[in-house]
Amino acid sequence: MTHKIAILGASGYTGAELVRLIATHPGMEVVALSANSKAGQSMAQAFPHLRHLDLPRLVTIDQINFADVDLCFCALPHKTSQEVISSLPQDLRIVDLSADFRLRDPAAYEKWYGNPHAAPTLQKEAVYGLTEFYREEIRAARLVAGTGCNAATGQYLLRPLITARLIDLDNIILDLKCGVSGAGRSLKENLLHAELSEGYHAYAVGGAHRHLGEFDQEFSALAGRDVHIQFTPHLVPANRGILATGYVQGNADAIHDALHDAYEDEPFLHVLPMGETPSTRHVRGSNFCHVGVVADRVAGRAIVVAALDNLTKGSSGQALQNANLMLNANETEGLMLAPVFP
Amino acid sequence: MTHKIAILGASGYTGAELVRLIATHPGMEVVALSANSKAGQSMAQAFPHLRHLDLPRLVTIDQINFADVDLCFCALPHKTSQEVISSLPQDLRIVDLSADFRLRDPAAYEKWYGNPHAAPTLQKEAVYGLTEFYREEIRAARLVAGTGCNAATGQYLLRPLITARLIDLDNIILDLKCGVSGAGRSLKENLLHAELSEGYHAYAVGGAHRHLGEFDQEFSALAGRDVHIQFTPHLVPANRGILATGYVQGNADAIHDALHDAYEDEPFLHVLPMGETPSTRHVRGSNFCHVGVVADRVAGRAIVVAALDNLTKGSSGQALQNANLMLNANETEGLMLAPVFP
Amino acid sequence: MTHKIAILGASGYTGAELVRLIATHPGMEVVALSANSKAGQSMAQAFPHLRHLDLPRLVTIDQINFADVDLCFCALPHKTSQEVISSLPQDLRIVDLSADFRLRDPAAYEKWYGNPHAAPTLQKEAVYGLTEFYREEIRAARLVAGTGCNAATGQYLLRPLITARLIDLDNIILDLKCGVSGAGRSLKENLLHAELSEGYHAYAVGGAHRHLGEFDQEFSALAGRDVHIQFTPHLVPANRGILATGYVQGNADAIHDALHDAYEDEPFLHVLPMGETPSTRHVRGSNFCHVGVVADRVAGRAIVVAALDNLTKGSSGQALQNANLMLNANETEGLMLAPVFP
Amino acid sequence: MTHKIAILGASGYTGAELVRLIATHPGMEVVALSANSKAGQSMAQAFPHLRHLDLPRLVTIDQINFADVDLCFCALPHKTSQEVISSLPQDLRIVDLSADFRLRDPAAYEKWYGNPHAAPTLQKEAVYGLTEFYREEIRAARLVAGTGCNAATGQYLLRPLITARLIDLDNIILDLKCGVSGAGRSLKENLLHAELSEGYHAYAVGGAHRHLGEFDQEFSALAGRDVHIQFTPHLVPANRGILATGYVQGNADAIHDALHDAYEDEPFLHVLPMGETPSTRHVRGSNFCHVGVVADRVAGRAIVVAALDNLTKGSSGQALQNANLMLNANETEGLMLAPVFP
């Protein structure tokens, strides 16, 4: 059986990544693609790498007949997403890739995004899309909120440690290095090749990055108390990849055991042997996440490192994995593509 | 039915690329991997991006039981390849990715490679592996010689024009730009990141590149007379990709028609609309080749441009396509992966 | 004696490169910097790499008192430049880096730039800024027109060959590879890091690039007849650099001799030993241009290759070299910085 | 007055960087260059970007007449360096760029480098080359030990905070991102372009990096007690640059004040306004170091970030700055080159 798929916001990188993945998915067919500013173009004009595929032309959202759609991926900018989803049929299965439905608390949403939420009922309905930890809720959900790509990476590192109470909750530092595509396809001077290549820097330093809203929500819920980690993202001259380096206080062997136990049956999460750490180049273009643990020379401290591809496991791959669950398909369908190296 | 596959020379880039592609091929299983200098290691040690796969450990060639193998990919260095293949069972299907069996004429081989051929009988038996032009011979072959990656790109551009006698055979210039992985995983100072990134240069200038042996052989055979093109490769700071820019004398519209006619039924070759030219970034990680034609402002001249991924369509993807033919499988099986962009 | 310098359009890459070079020039002081859209900012805000310099704040052009200025660099977009320069004092020495005064023939200007020239008198007055070939005119000029960066590279390769009548004028092909900064700091989707890095392509194929106007003007004047070369630029994922590969018909040794003779006393032009070709990485950040010649295997054909840094020798370095001449300073002052490698 | 300079180990990146800087230094002349494996070659063969300079040919060390040398830079591999320097004239001024003389305690040297020191007397004599903090000792020294490039970056961040007792000495984390040239020009598989570009990873995780020996020595001496920081370096696909992100516990404003006070008269150290952080791209190719401070959202925590160019301020620029002091030249001579951006 083939499910009919719509993708809203198909002219951005996460939209294109969804099309790339669905191209070899045996149970899905793309029946509608929207991109307001490029409506009327073929997908090959917006993304020539998809030229070989037989795809519908880009249209505006109101040109889509959602009655023919089994599941809709929404890859729109945040704020736009909540407005659009409010206007879609109330029984349509939706995987949203924006930030709009990640935070359950309206006050937290307003704090991090600067405006009141325009669709609080939907916000309440939405299930947080970190597949490995919300699998059953996602299977039953109508609306799933894709996580932030940095937020996913950090949670893969830290959730099992918080749950097992293995680390000091007041001393968690996450130093993250992300690739350029995480910033999207928007026209900003600081995203030009000549500005970015051959250099790197920290940004949103000191606790200003919005993905902290997700960390606070999820880690506090797990711990049963407020948890506020320190988090500094850095922009690195590579197109894909997130490498998260976590500094925690706890026993490294116990931490490695906890991660191993948490993920040993997971198809996409691989815990490396004790003492090894991952590289973004070894997950590029794939839905895999590699995790490593090393004991620090300072007693009682450990370094935990995770690597994933921000566009795949951090966003569109996660979205497809969730869609598979919502449609009762095999969870790994279309997602077992090996990483592309070199 | 699942065919049992061996890959010799699995610790190089073309070996890893074969494993990546076969990973999602429904009709093949890797049963043996050799890598003399890394024998004993797991494939995940040599290539951590393949960690998620259940693969045999790297062994030496003499440890492989070829009776259990349906088809063997040989991704060894040239010269080594002819020695090894001579010693393999005489009825084993082999796709060789080295340069050893590309030239049919022993004198031409010796001219370009500097030593007499050690296996002239095999050289005679081998079929040239440019799939779209030797399809029937490959289907019937036991030993197929993968083409040079540059040689494939140039031939996709020029063969239909020579066959249709549309261009001046004495004025063909091929200016080619190739990515770094084409040089392999060997330890050379000029392949270090600090040497290569942020700069580019021509090499083997003036007709010194060995792939000219293939151009001479194939184009002369097509034309029924000697054809000696000019060919200058350049090394560009990107890991994958070949962009070939051809300067020819002939009518651009007729050239575009000839390319269109030649490739319209080909699954992997896409001729762009007249006046458009391709980019390597839009075929990266895939088996597709994009071809474009533009008329020059100088009357009677045309520019033809082709882009492919040297590791996929230029090497391992081509090899797998040929293996599919040799095993009576669907020719595109395992090869419809969409390019990875960005 | 210190000359007072103004730079108009200082928030672009050529403006910043001028400031970088003047920073270690013993006879120049920057007294005014304009940047309309960033007026009011410090130069360190627009370009943090210039933070260590004591520079005037960015202003609008009308805020500059040109009576205090000895020489003005104009690094504005084309078309804007002709309007602005028309309004500047008629006795102010100006080096213009835009395209506005490169073409002497108003009809040629209109053909390539699509609009009639707004300052035809100035156009007549301007001297073409290819230093090594217009040195005496530049020394005496009030208004010098910086050349196109590609146009400079191609002319360094070809002028001596045309002058010495060593090559077939009807068979000149220039295949050029340029870095990203040549496209400037403008916000275009195709200049984003995620779009450009790891891929490359041809553009303005078939004779559409505006620098052909300069080639036509200069080569025809040298030859005393119309010369129309073929010219295909390619965009390569590196920030700086132009590599021009020329395909000509003539005797390679004679060509090498002619280039050697033309440049042996030039401080910035280095002809490599016969058979060697240059790399952009070896001129990066400098005012040097390396040139090489190789005989092709096809008799009577040669490949000539030149490399320079588009922002330095191709633009701001050339402008400073010309300014030195106009101010009776040592021509090489401030320009002997060694290339930065790696 | 022109000082005569020898550079041992001139075929590596730090050797070439020394030559690049000395090329525009008005008071130094390179009279000897050694490179054992490339002896007999011209410097232009080893480093074509230095082609424009009139330099002595590469020789072996024993071919150098040190009587004609005023100061010798030793850019040899560690361990080799101590052997070579032992055999040089005892009154020759030497700036060593290797790791051999950085650690004052023979036991610490043996712990971090795995072998007993072969020149303990010289080890005692050597002055640690972190210019801004050992200026007077360096002025009087005969033998100066260049610091590790990571060690320099971390110390610029942390020394003033430790001295002023502003941070918790038991909770200092340094997460560092360095460019590829820091690993030198050695032939290692993991330094190939195809391996490194487009990916990044941590290495020497958990306290295994040798530069920790320097941190321990210097910070403990400053604090008057043992200080053992946590330090994780990461390799990033850029040729030049170190970005050090420090996580400390203390008052951010006081920290900013302390850094500002420490560096306000320093020509090469620039403390950014409170709340801003630096980028490696804005110091590339220069001797400058930019430092920034941000208060974390977690009360009592601060993030401090420093950026410098590992080959310049982190190595060869530092060495030249020290040589200037040793030769009673202006400390900034030859070092005020502006960064190269883009």
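Read from first to last, the chains carry the letters A, B, C and D; within each, the first residue is number 1.
The definition used in the following text is that contacts are C-beta pairs under 8 Å (C-beta built on N, C-alpha and C of every residue); 3 or more make two chains touch, one makes a residue touch a chain.
All values derive from a computational prediction rather than experimental measurement.
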Any chain in contact with chain A as well as chain B: C, D
Minimum number of chain-to-chain touching steps separating chain A from chain C: 1
Of B-D and A-D, whichever chain pair has more C-beta contact pairs: A-D
Between chain D and chain C, distance of the C-alpha-averaged centres to the nearest whole Å: 36
CA centroid of chain A to CA centroid of chain D, Å: 39
For chain B paired with chain D, centre-to-centre distance based on mean C-alpha positions, whole Å: 45
Where chain D touches two or more other chains at once, by residue number: 13, 180-181, 194-195, 197-198, 237-240, 278-279, 281-282, 284, 341-342
Contact set on chain C toward chain B in their complex: 171, 173, 175, 177, 194-195, 197-203, 205-208, 212, 228, 230, 232, 234, 236-241, 243, 245, 247, 275, 277-282, 284, 294-298, 301, 303, 305, 307, 341-342
Residues of chain C defined as touching chain A within the complex: 13, 180-181, 183, 185, 187-189, 191-198, 237-239
Partner chain A, residues of chain B touching it in the complex: 13, 16, 19-20, 23-24, 47-53, 180-181, 197-198, 239-240, 270, 278-279, 281-286, 288, 290, 336-342
